[in-house]
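Quick heads-up: structures coming right below.
Shared between the two complexes below is subunit A, which pairs with subunit B and subunit C, respectively.
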Partner chain A sequence: MSTVAWITARGLFGRRRVLLLLPLPILLIVLAVICDAAGVDAREWGAPVIVGLGLAVLLPVVALIVGTGVLGSEVDDGTIVHILTKPLPRRDIILAKLGVAVVASAVTAAVPLFVAGVLADSVRFGLALAVAAALGAVAYSALFLLLSLLTRRPVLLGLVYILVWEGLLGRFVSGTRVLSIEQYVITVGDRLSPATDILDPKVGLPVALVMAAIFAVGGTLFAVNRLRSFSMAGETS
Partner chain B sequence: MSEASVIHDIGYQRYDGPRLGRRAVFGAMYIHGLRAAYGLGRSAKSKIFPWLVVGICLLVGVILAAVKAQTGLEALNYFTYADSMSWLIIFFAAIVAPELVSRDMRSGVLPLYFSRPLRASDYIGAKVASMVTAVWLLLAVPQLIMFLGAAFTTKNGISDVWKELGDLLPGWAYSLLWALVFTGIGLLVASLTGKRAFAAGGIVAVFLMTTPAVGVLSIMPSQDAQELAGLASPSTLVSGVGQWIYPTANTGMMIGRFGPVYLIEAITLVAACMLLLLARYRRVAAL
Partner chain C sequence: MTTLTLQNVSRWYGNVVAVNDITMSLGPGVTGLLGPNGAGKTTVLHMMAGFLAPSRGAVTLDDAPAWRNPAIYKQLGLVAEKEAVHGFLTAREFVNASAKMHKLSDPKAATEWALQMVEMTDAADRRIETYSKGMRQRTRVAAALVHNPQVLLLDEPFNGMDPRQRMHMMALLHELGDRGHTILFSSHILEEVEQVSGTVQVMVAGRLAASGDYRRIRRLMTNRPHVFAVKSSDDRKLAVALIAEKSVNGVEIAGEGLTVRAGDYGSFTRALPRIALGEGIRLRKVIPSDESLESVFSYLLEA
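Take a look at the complex of A and B:
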């Protein structure tokens, strides 16, 4: 199992593709520093930077790149066969890959969010954001890992989820918020640091925790199940 | 192996019909690109995403036309309609641009294309033209529906229809600007990678990264910074140009006296994207 994780991590970080993960965190930190230096009130820049860029874009996009990359790239170039033919339970393969994806995306998202949180309010707010981002990374990674097994175009489908479901519908149709990981992250972050009024939670804490767990566990179980009966499909359309 | 080998004449003939030149290749690639953008002639799977976007755009257009016809209320005009569809346009660009250029690189057919009487500029031109048409149609058809809805329920006869037409034509021009800007950026990003997934992600990332920058700049203390904020993102850039040229558009952009700056940046952006695309394919053509 550790070998699979090691191979996955090397496949993720050993290519030029890892550079794709850099611009968003850097942009977030740069914007936060600029706002802080320009003397803008944190309550004004907190919402567009931390929520608008950090939680709505940085976290899901990083999780999307990493989560679809850990398994999807191996499916794409066909090397997944080498792992599948080893006498390993499929559960272990999924868990190892999910673990790498969670750690990678959690670190990439939590560090800049922590910096922005400290600049905006306090160390406590920064830690709250980092913990919430890590929790979100677990749920997002499980979802996107599953997507990379369900469809040949997981990135596009993941973008639909991020842009249309969370971005467009989450803003106008209140019912979709219950199924939006972004809202769970906001709720958890707000609960961990209640004094700051930058985050504006829309769902309750129990709902957020339970639904995040359902996304994470359900996604993982479904992915294991999918990988059990996985068939290599040729290049389609 | 005793008998002598014989060459049989099995009727091969040279092609001696008319040879179509660059223009025909251009036209064929344009038509093919336009069909590919909407997944026509492809499997049902590749029709899902483009027609999802088309469906939503049409639905919104029909709803707006119906609301205006029934209540006389104009929820969105031709300009704000295009603005509010901006995320769908971005998504559409992320579907279509990789389909048009990344596929060709992935399947290695570029040398075949360039072994025909086709220059790099023709290839780019055909791709750009078909994608601009595809994106423009995405916006223009719902705008036409809105126009028809308004024209057939007018109160004051033909004069209202003319007035409505006077609103529709600038709206179409505005949609063309959207199409040009998003085609330029989309094709440029997509031409960098042969993997469609990365190309789509990269195109969306451009917009995801620039939109928050606008949000941050627009809360800066300086008023000049607020009015120039829209320059940071392509979608607000287009809105700014629309607002300046057509002040009654109500796009909600605060551009102050910087309208010309927006127009200049929009033109420069489109031109720069085209030149970079040309530079990109000069190298491929030389390979």
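Take a look at the complex of A and C:
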């Protein structure tokens, strides 16, 4: 593991902020277990719990907390300067931070989704959800990492994307779905477990894969370029 | 030898000019960047360290641009003003991480060397968040020093240090300067600069108001009287003889000794021993009493 990744991981898991990652996965598992134990039909609870909570809230919110935590918090408190004053290619710094963010948010989101998927349908559906969530984690992390470099309020902007763009506009304005990572995740999950009719894909698989790649690669390249021009404002206190 | 050069550098934010057409060249030794708060010192340091693009002009380290060029950090270390450290690490982990990111051949040895330089070896295994401000500052200096950079930039390094730590930091900067490193530190506290370095770059309102040896700068400003405290075997007799000297503007008999105001530094310092010798007076003390940086600074501000 590179030193940048090591510091990033220490910073992420060493802060109290990491506790924010716990409630949503626990809630998802608890809801799935209750529904399953009560004998509720999976077609009734599957969509609201797995899609409504798991894919629309859990995955993006976890990715937001982690994605802005690996870089945004360091930009905020100025510790990023210690990493930037090293003769490291900026690409390596971004990739190390992105790697930590992807692994942390993929694991946090995929495990409860896998459990819920198994309870709702089958192991295959659980695995499909886990793989789709991991793919979503890559795209979300790249986006939120980039937001940390574009704005001083990455969490706010990220929430606007999740709640307004994906949550509100995605429901009523069909055109916005092409730019919704949530929709790519649903499409990929559905394609990996086609027999399950809990997921209701709105975009085609090619669109989902290409757009997810554009978010991931484009966001990363843009972030690398932004980090090259990282400026410190001259504070005239 | 590494030279840090600013060539006609300006930096503005919207309509506000923070740095206005500065040209300077820094070689080995300790230089103080002096100026009141808001003069643009931090902006200049950030441009030197590659953390800000100049709006106009060029900042180069041995002809390589500082902006968008991480390779300069092989030769440059920065201790920023903002007291930002990874508090969850110990000083040893923190400095060692810096050494590793510099891809040094023996990061452990470099870490121990840097910790020793700043006298932080004893507390190095405690988490940084438990440190006092001075200890954090020294840890940051150790991290910036770990790759033994040719150039070290420090923004207000003495802030929050107690007198003993201050003395130690000054000694450290001196030592590095004597070894041939290029050290630039900023300060708005005159005594700090005075004690650490004879060379100053004075910034006032975004402009370079003066640069060079601060005593020489003072002498150049001949339109202001230079004040000397003089003690001799016969102060009154000396006062009479001095008032006849052209370069002397005024003499005052203070409680002990004389206060002499001279218009021309050079002529007066040459004339004084000649006059004393001629009158048979023994000089006991001659001290240029307003040569502190404080007075240099206030003259520059008035100008």
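To be clear about the criterion, the second predicted complex is superposed on the first by the 231 of 237 C-alpha atoms of A that agree within 3 Å, B and C clash if a C-alpha of one lies under 4 Å from a C-alpha of the other, contacts with A are read in each partner's own complex, and residues count from 1 in each chain.
The rule we apply is simple: a residue touches a chain if its C-beta (ideal position, glycine included) is under 8 Å from a C-beta of that chain, and two chains touch if they have at least 3 such contacts.
Values in this document were obtained by computation on a predicted structure and should not be read as measured data.
**Q** Superpose on subunit A as described above, then tell me if subunit B and subunit C fit or clash.
**A** Pair status: fit.
**Q** With the two structures laid over each other on chain A, which partner does A:P48 touch: subunit B (first), subunit C (second), both, or neither?
**A** First partner only.
**Q** Is A:S229 touching the first partner subunit B, the second partner subunit C, both, or neither of them?
**A** Touch partner of A:S229: subunit C, not subunit B.
**Q** Have a look at where A:R15 lands relative to subunit B and subunit C in the superposition and call it first, second, both or neither.
**A** A:R15 contacts subunit C only, not subunit B.
**Q** Vertex at subunit A, arms to subunit B and subunit C: angle between C-alpha centres to the nearest 10°?
**A** 80
**Q** By the touch definition at the top of the document, which applies to A:W6: first (subunit B), second (subunit C), both, or neither?
**A** second
**Q** Taking the superposition on A as described, I'd like to know which of subunit B and subunit C A:A116 touches: first, second, both or neither.
**A** A:A116 sits against neither subunit B nor subunit C.
**Q** Is A:H82 touching the first partner subunit B, the second partner subunit C, both, or neither of them?
**A** It touches subunit C, and subunit B stays clear.
**Q** State whether A:V138 touches subunit B only (first), subunit C only (second), both chains, or neither.
**A** So A:V138 meets neither subunit B nor subunit C here.
**Q** Looking at subunit B versus subunit C in the superposed three-chain picture, what is their shortest Cα distance in Å?
**A** Least C-alpha distance: 6 Å.
**Q** Can you list the residues of subunit A that meet both subunit B and subunit C?
**A** 236-237
**Q** Using the touch rule from the top, collect the residues of subunit C that touch subunit A in their complex.
**A** 11, 13, 18, 37-38, 40, 42-43, 46, 49, 51-53, 68, 70-74, 76-78, 80-82, 84-86, 88-89, 94, 97-98, 100-103, 143-144
**Q** Which subunit B residues qualify as touching subunit A in the complex?
**A** Against subunit A, the touching part of subunit B is residues 42-43, 45-46, 49, 87, 90-91, 94-95, 195-198, 200-201, 204-205, 208-209, 211-213, 215-216, 219-221.
**Q** What part of subunit A is in contact with subunit C in the complex they form?
**A** Counting only subunit A, the residues touching subunit C are 3-4, 6-7, 10-11, 14-15, 77-79, 81-90, 228-237.
**Q** Subunit B touches which residues of subunit A in the complex?
**A** It is residues 17, 20, 23-24, 27, 31, 34-35, 38-40, 44-45, 48-49, 52-53, 57, 61, 64-65, 68, 72, 76, 153-156, 159-160, 163-164, 167-168, 236-237 of subunit A that touch subunit B.
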